[in-house]
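Note that subunit A is present in both complexes that follow, paired respectively with subunit B and with subunit C.
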Partner chain A sequence: MITWRLLSSARGVAITTLVILVATVLVPALHLLTPSNSALHIPAHVMALFGKYLCFAMLALSIDLIWGFCGILSLGHGAFFALGGYGMGMYLMRQIGTRGVYGNAELPDFMVFLNWNELPWYWYGFDQFWFAALMVLLVPGLLAFLFGLLAFRSRVSGVYLSIITQALTFALMLAFFRNDMGFGGNNGLTDFKDILGFNLQSGSTRAALFAVSCLALAASLLTCLFITRSRLGTVMTAIRDAESRTRFLGYRVEAFKLFAFTLSACIAGLAGALYVPQVGIINPSEFAPANSIEAVIWAAIGGRGTLFGPIIGAIVVNFGKSWFTSVLPDIWLFALGGLFLAVTLFLPQGLAGLFKMRARKPVVPPIPAAQPEAAE
Partner chain B sequence: MELAAGSILYLDGVSVSFDGFKALNDLSFTVAPGEMRAIIGPNGAGKTTMMDVVTGKTRPDTGDVLFKGDCDLTRLDEAQIAQLGIGRKFQKPSVYEKLTVTENISLALSGDRSVYASLFWRISPAQQIRVEHILEIIRLTPQRDMIAARLSHGQKQWLEIGMLLAQDPKLLLVDEPVAGMTDAETAATAELLKSIAGEHSVVVVEHDMAFVRELDVKVTVLHEGSVLSEGSLDHVSADQRVIEVYLGR
Partner chain C sequence: MRNPTPALRAIAAFFWLISLACAAHASDLASALKGLDTSKFPEKEKAIAAIVASGDPRVADILTALGDGKLLIRKSDRRVVIGDGDGQSKISDAATGEDLGQISEGEFDKIAINNKIRRQIKAIIGSLTLFAADPITRLKAAEEIFRSRDQAAFEPLQEALGKESDAAVRRAMEQALAGLILTSDAADKERIAAIETVKSKGGQDATALLAEIAHGEDRVAQAAREALAWLERSRVWWDALQNAVYGLSLGSVLLLAAIGLAITFGVMGVINMAHGEMVMIGAYVTFIVQEIIRNSAPGLFDYSLLIALPLAFFLTGTVGVGIERSVIRFLYGRPLETLLATWGLSLILQQAVRSIFGPTNREVGTPSWMSGSFQIGEISLTVNRIVIILFALAVFLCLLLAMRYTRFGLQMRAVTQNREMAGAMGINTARIDALTFGLGSGIAGIAGVALSQIDNVSPNLGQSYIIDSFMVVVFGGVGNLWGTLVAAMTLGIANKFLEPLAGAVLGKILVLIFIILFIQKRPRGLFALRGRAVEA
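Entry: the complex of A and B
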C-alpha cells in the first residue's frame, strides 16, 4: 500500500517534472520565435504571469516538504519568500546606478530622499550578483535555522509553532515598513533596470527568467523527492505521525525538523528571488500574514504530502485568481473559499488525489493473511 | 554507589510527583546485566512512570538513575538514552500506523541516526537478512508489506517487539507485552522474551500472572511508587503485604 503510494507519488513528480522541462523550452521559444500576430505567440505579460506562478509553486512545494512530510505547519513561510525577494531586490537596486531620479551612483533613490550620505553596511556586497545570489539562500536559511533551533529545541510544535511563525512574518512586515530600516519603507524596492547587464524589459531577458524559474522549480522538486524517499524522509514521516515515539528510537527529532525547516526556507527564499525580477517590485506587503496562509491553502488544495500536488495547487489557484480578479473581482474570495471547502470535503488528498485514483487500478492491494486467533 | 557497580540498571531513591501526587516514592532497585526482571503491581503503582524515568520522558525530582553503573540517565534526553542502548516497548502499542511492517522495522535498525547518514542510508545485505530474520521471529513475514494500521492488536504488539529487536539494545523495557493476546500468543511471547534475555537485559511489566509464571524470573512488586517485595514469584506471592494490596484483591 505504501509502496503503491510512493510509486504513484513518484510518478506524479516525474510527470510534473517532464511538463516543467517542456515548458522551460517551449514557452520561451514560442515567445521569442513566433511573430506577435501568430496564434501560437505567447505575449511577454503572459509569460511573466506564469513565471510568477512558478515561483508561487516553489513556495507551496517548500511548505509541503515540512507540512506534508514532517508535520510542521508554518504560517509564516511568506517571510522567507520575501527575504529572498528583498535580497534580489537589493542587487537590482544597485544595478540602477546613475539612472535613478537623483543620479546617485552609490545610493538608491529612497536613501537620497531620506538624506542618507552613505550606504548602510548591510547593503555592502549587493552590487555583486554572486553575493546577492548567496544571500537569497543564506539569509532565509539562517533565520529559519535560528528560529527552528529555539522552537524545536524547546519542543514548540503544533498550533503554537504555527502561531509564532505568523508572529515572525508579522514582525518582519512591521520592521520592513519602517523607512529607517533601509529597505525603502512601504514603497519597497522597484524601478529596476537590468539584471547581469541584461535589460529586464527585453523579451529575451524575460524568457530567460522564465526558463530559470522552471529549472529552479524542477531542481527543487527533485531535491525534495530525493529527500522524502530516503530514510531521512521516512524519519520525517515518523516524526509527523508519532513525534515522541521517534525520540525513543534514538532519532534527534529537533535535528531532523531543523534540517527540513531550513532547507524549506532556502527553497522559499530562492522562489522569492526569482519572483522579484519578474514582477518588478518587492515591498513589505509580501510579509503579510495572509500571504503565508494563502500559500498553505495552495498546498492543501493541491494535496499535501505529494510534492507535485502543491505545485499544481499553486498554479491552478493563482491562475484562477488572475482570471477572477480580471473578470469577476468580487467573487474571487468566495470562489477560493468554495474551492477549499470542496477539496477538503470531496478530495481529502487534494487535486493530486484525482491523479492517484486513476493510477491506482493496476496495483493489487496486499491481502491480509487471516489471523482469526489474533483477535482481542 | 557500590551496588551500582556491575549493574546494568540502578535506581536509588527515585521520586516523581505530579501536582503533589507521588507516582514514584523513593523507588530503588537494581537489574544485573543479562538478567530478566518482571515488575508487577496494581494499577497506578508507578510501573510505567518508572519506565518514563529510565527512558528520559520524565525527570525524577530526586534520586539516581544509572545505566551500566556510571552513566547518569537523568541528564540525558530520550534520543541520547535510546542511542546508549535502552529500548522500550510502550504499554499502548506504538507502531507507525502509516508505514509498512518492514518500514517500521528498518526504521528501528541500529546504526548512525544523524540527519546526514539518514539521507544517504541504504540497507546493507546484512541488515536485510536481519530484517528477514526478525520478521520470522515475530511471525509477520506474510504481512511484511502491509501498513501497520491493518494489523491486529496482538500483531502490533509483536511488531513493536520486532522494532525493539532491530534496535538491538542492551536493556529492553517492555510494558505489558501480552495485553490483548491469546493464550497461545502469550506463551510464544514468553518464549521469545526468554530467548532474548542473557545477551540483553530485560525488564518486563505485566499484569498477566500466567505470563509472569512462565517467565520464571525474579519479580519486583511495586506499590504506591515503591518496592513492596522482591524475589521469586512464589516468594512474593507468599508475602503477606503483597497479598493484601495486590494478589488478594
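Entry: the complex of A and C
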C-alpha cells in the first residue's frame, strides 16, 4: 500500500510537472505571438496573476515539505517568503538609479526622504544581481537555520513550535514597519523600473518572469520529490509519524528537521523573490501572521504529504480569492473560513486525497495524525 | 512683569478690596456699564471699578469681553453689548446676557482700552477666580498664576490665601505665591525659602521655573540647582512607578485575554485561534446592551457593564460549547488541525460581525463611575485602568477558587493531569471538555466587556490580542493559572519599561525575541506541569 501511495504521489508529481512545463512554453507564447484581439491571447495582467499564483504554489510546496513529511507546522513561513521578496526588492530599488523622484543615483527615494546621507551597510552589494540572488536564498536559509537550530535542539515541537514561528513573523513584521530599519517602512519597496536591464512593464519581460517562475516551481517540485523519496525522506516521514521512536532508533532527529526546515525556507525565499517583480511591490504586511496561516491552508486543501497537492491547492484557493474578492467581496472570508473547517474535518487528505479516492475504490487509510505524541 | 510698579499692585488690591466690600449691597450693574460710554480712560477705570463692585456673576464675562475688544456700544440706543467677533456679529446684552440678534459694522462703537486698563482687567479676572465658590476653580486659578507668574496677582493671592479653608487649594496658593516671590526682587532669604515650597510642588512647571533661575553664582541660583537635582532624582522614581502601574494595567489586559486560552490549552491541549473573536463578541455584547439602554432606559446606563457581564459570559460560553461539540471534538489528538479549524472559525465570526455591524468602530460609552482620573504624587491614573486591574484580579481569583474548591474544578484538574486515568475513575471527559471550552470562551467574553472600555470595538478587536495571548500562555506554561498571572504581569511590565528606552515597537519586538529564546530554554513555560501524562 505504501508503495502504491509513493507511486501515486510520484505520478501526481509527474503529471503536475508536465503541466507546469507545458505552461512554461505555452502561456508566454500565447501572450507574445498572438494578436491582442485573438481569442487565444493571454493578456499581461492575467499572466502576471498566474505568475503570482505560481509563487504562492512554491510557498505551499515549501510548507508541505516540512509539514507533510516532517510534521513541523510552521505558522511563520510567510516570513521567509517576504525576506526573499525584500532581497529582490532591494536589487530592484538599486536598479532605479537616477530615475527616482529625487534622482539620487545612490539612495532609494525613501532614504532621501528620511534625510539619510549614505546607504546602510546591509544594502551594499544589492546593485549586483548575483549578490541579490544569493541573498534571496541565504538570508531566509540562515534565519531558518538559526531558528531551527535553537528550536529543534531544545525539542520545541507541536503547537509550541507553531506559536513561536508565528511570533517570529510577527516580530519581523513590526520590525519592517519601522522607518529606521531602512526598508521603506510601511510603504515597503515599490516603483521598480527594470530587472537585468529589461523593462519590467514590457510584455516580453513579464513572459520571461512567468516562464522562470514555472521552471523554478518545477525544479523545486522535483527536488522535493527527490528528497522525500530518498532514505533521508524516509527518516523524515518516520519523524513525522513517531518522533520519539525515531530518536530511540538512533537517528539525530533535530539534524533531519533542521535540514528540512532550512531547505524549505530557501524555497520560500526563492518564491518571494520571484513574486516581487511580478507584483511590483513588497511591504511589511507580507509578514502578517494571517498570510502564513493562509499559506498553510493552501497546502492542507491541496493535500499535504503529496507535494503536487499543495501546488493545486495554492492555485485553486488564490484563483477563488481573486474571483470572490472582485465579485462577492463579503463572501470571501466566509468561504475561506469554511474551507479551513471543511478540509480539516472532512478532507484530511485534501483535494489530492479526493482524486485518489475517485481513482481507486479501496480507500487508502488516512495519513496518521502528525506527531501523535504531541497530543498530551 | 518681573518688577511691576508698586502703583499697579496698589490698583489691583484697591479694586479687589472694593469688590469685596461692595459685594453685599450690589449696586446696579447696568448703570455701572453706562459709565464705560466715555472717551476718557480715567473715567473708564472708575466704571470698571463700579462694575466689579456690583458683584454680579457676569462681571468676569464682561471684563473678558472688554479685554478682547468685544464689548461694544450699540449706536441706536447706546446700550452696552457683547459681540462675538469683528464686523457683522451676533450680540447679547452685557448686563443681562439677553440675545439681541445680529448687528452689522457701522452700527456699533468698540469700547477702546489702553494697556493700563488691560493690565487692570487681567489682574481682576485672575483674582476673581481665586475667590470663586468652587474649590476646583480656585485651585485652577492658583495653578494658572504659578504658570503665568503674573506679579499683579500677588496681592489678591495673599488675600485669597488668608481666607482659604480647603487644604489642597491652600497648598496650591502657597506654591503659587512662592513662585511669585521667587521671580520677584525679594530678599535672598525669602527666595530661598520659596525654592523649598516650589520644590515640594514638583512636576514640569516647578522644574521649568527652577531651571530659569538656576543660572548664576549667587546663593539663590545654587539653592535652585540643588532643588532641581532633587527633583530630577525623585522624577526617576516617579517615572519607574508610573511605568510599573502602566505595566500592571497592560498586564491585567493580557491576563484577561489570555486566561481563558490558558484553561482550554491546559486542559484540552487545544489551541483556540478563535479565542480573540470571543473577546470581540463580548465587546459587541456590551455595545448592544448599551444601545438598548440608551433607547429604552437611559437611567440604567451606569449599570450597563454589570448587565453586559453575565450576558457576555453566557453568550460566548454557549458559542464555545457549540464550537466544541460541532468542530473540536472531532479533532482531538490532532492539535495542529484544531489550530487551523479554529482559525477558519475566527475568519467566519469576524466576517459575520463585519456583515452585521459594519467594519467601522462602534462606540461604547464609559459609565460615570469609571470615567475620570486622579493624581497620586506625580503620576496620574485613569479610573477605568484601575477598575480593569481590579477586575482582572477578581476574575483570576474567582477562577482559582473555582478550580480549587468546586467539583467541576476538581474534575477539570484531573483531566488536565491524566485524561485516561480521569476517564477510568468515572469522569465524563467529553462533558468536561465541552464545559471547559465553554468556560474558557465565557471568560474571553467578559474580557471583551472590559476591553470595550479601553480599545476600539471593531471586528478586528480579537486579532490584535491573539498573538499576545499566545505569548502569555506559552511563557507561563500550561495547566497552571499562576503561570498565566506571572507571565501576563511580567510581559506587561517589561513592555512598559522597554517602551521609553527603545520605543513602543522595538520594545515589543524585544519582548517577542525574549519569549522565543525563553521557549528554547524552557520549552514548557515558566510553570511547567509535571506528571506522567506530560511529555518530557
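Following the convention adopted for this analysis, the second predicted complex is superposed on the first by the 355 of 376 C-alpha atoms of A that agree within 3 Å, B and C clash if a C-alpha of one lies under 4 Å from a C-alpha of the other, contacts with A are read in each partner's own complex, and residues count from 1 in each chain.
One rule holds for everything that comes next: a contact is a pair of C-beta atoms (placed from the backbone, for glycine too) under 8 Å apart; a residue touches a chain by one contact, two chains touch by 3 or more.
Note that the coordinates shown come from a computational prediction; the quantities given were computed from them, not determined experimentally.
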Q) Given the superposition on chain A, which partner contacts more residues in subunit A: subunit B or subunit C? A) C
Q: Check the residue A:Leu168 against both partner chains and state whether it touches subunit B (first), subunit C (second), both, or neither.
A: second
Q. What is the contact status of A:Arg252 with respect to subunit B (first) and subunit C (second): first, second, both, or neither?
A. first
**Q.** Which superposed partner A:Val159 touches (first subunit B, second subunit C, both, neither)
**A.** second
(Q) For A:Glu118, using the defined touch cut-off, is the partner it touches subunit B, subunit C, both, or neither? Pick first, second, both or neither. (A) neither
Q. Which holds for A:Thr344: it touches subunit B only (first), subunit C only (second), both, or neither?
A. second
Q. Which of the two partners, first being subunit B and second being subunit C, lies in contact with A:Ala238: first, second, both, or neither?
A. first
Q: Could you pull out which residues of subunit A sit against subunit B in one structure and against subunit C in the other?
A: 369, 371, 373-376
Q. If you look only at subunit A, which of its residues touch subunit C in the complex?
A. 67, 73, 75, 147, 150-151, 153-156, 158-160, 162-164, 166-168, 170-171, 174-175, 177-178, 289-290, 293, 296-297, 300, 330, 333-334, 336-341, 343-345, 348, 369-376
Q: Would you tell me which residues of subunit A are touching subunit B in their complex?
A: 1-3, 227, 230-232, 234-235, 237-238, 241-242, 244-245, 247-253, 255-256, 259, 366, 368-369, 371, 373-376
Q) Where on subunit B does subunit A make contact in their complex? A) 55, 57, 77-79, 82-83, 87-88, 90, 94, 96-100, 103, 106-108, 113-115, 118-121, 142-143, 145-147, 150, 152-155, 163, 167, 180-182, 184-185
**Q.** For the subunit C and subunit A complex, residues of the former touching the latter
**A.** 269, 271, 327, 330-341, 343-348, 350-352, 354-355, 463, 467, 470-471, 474, 505-506, 508-509, 512-513, 515-517, 519-521, 523-524, 533-535
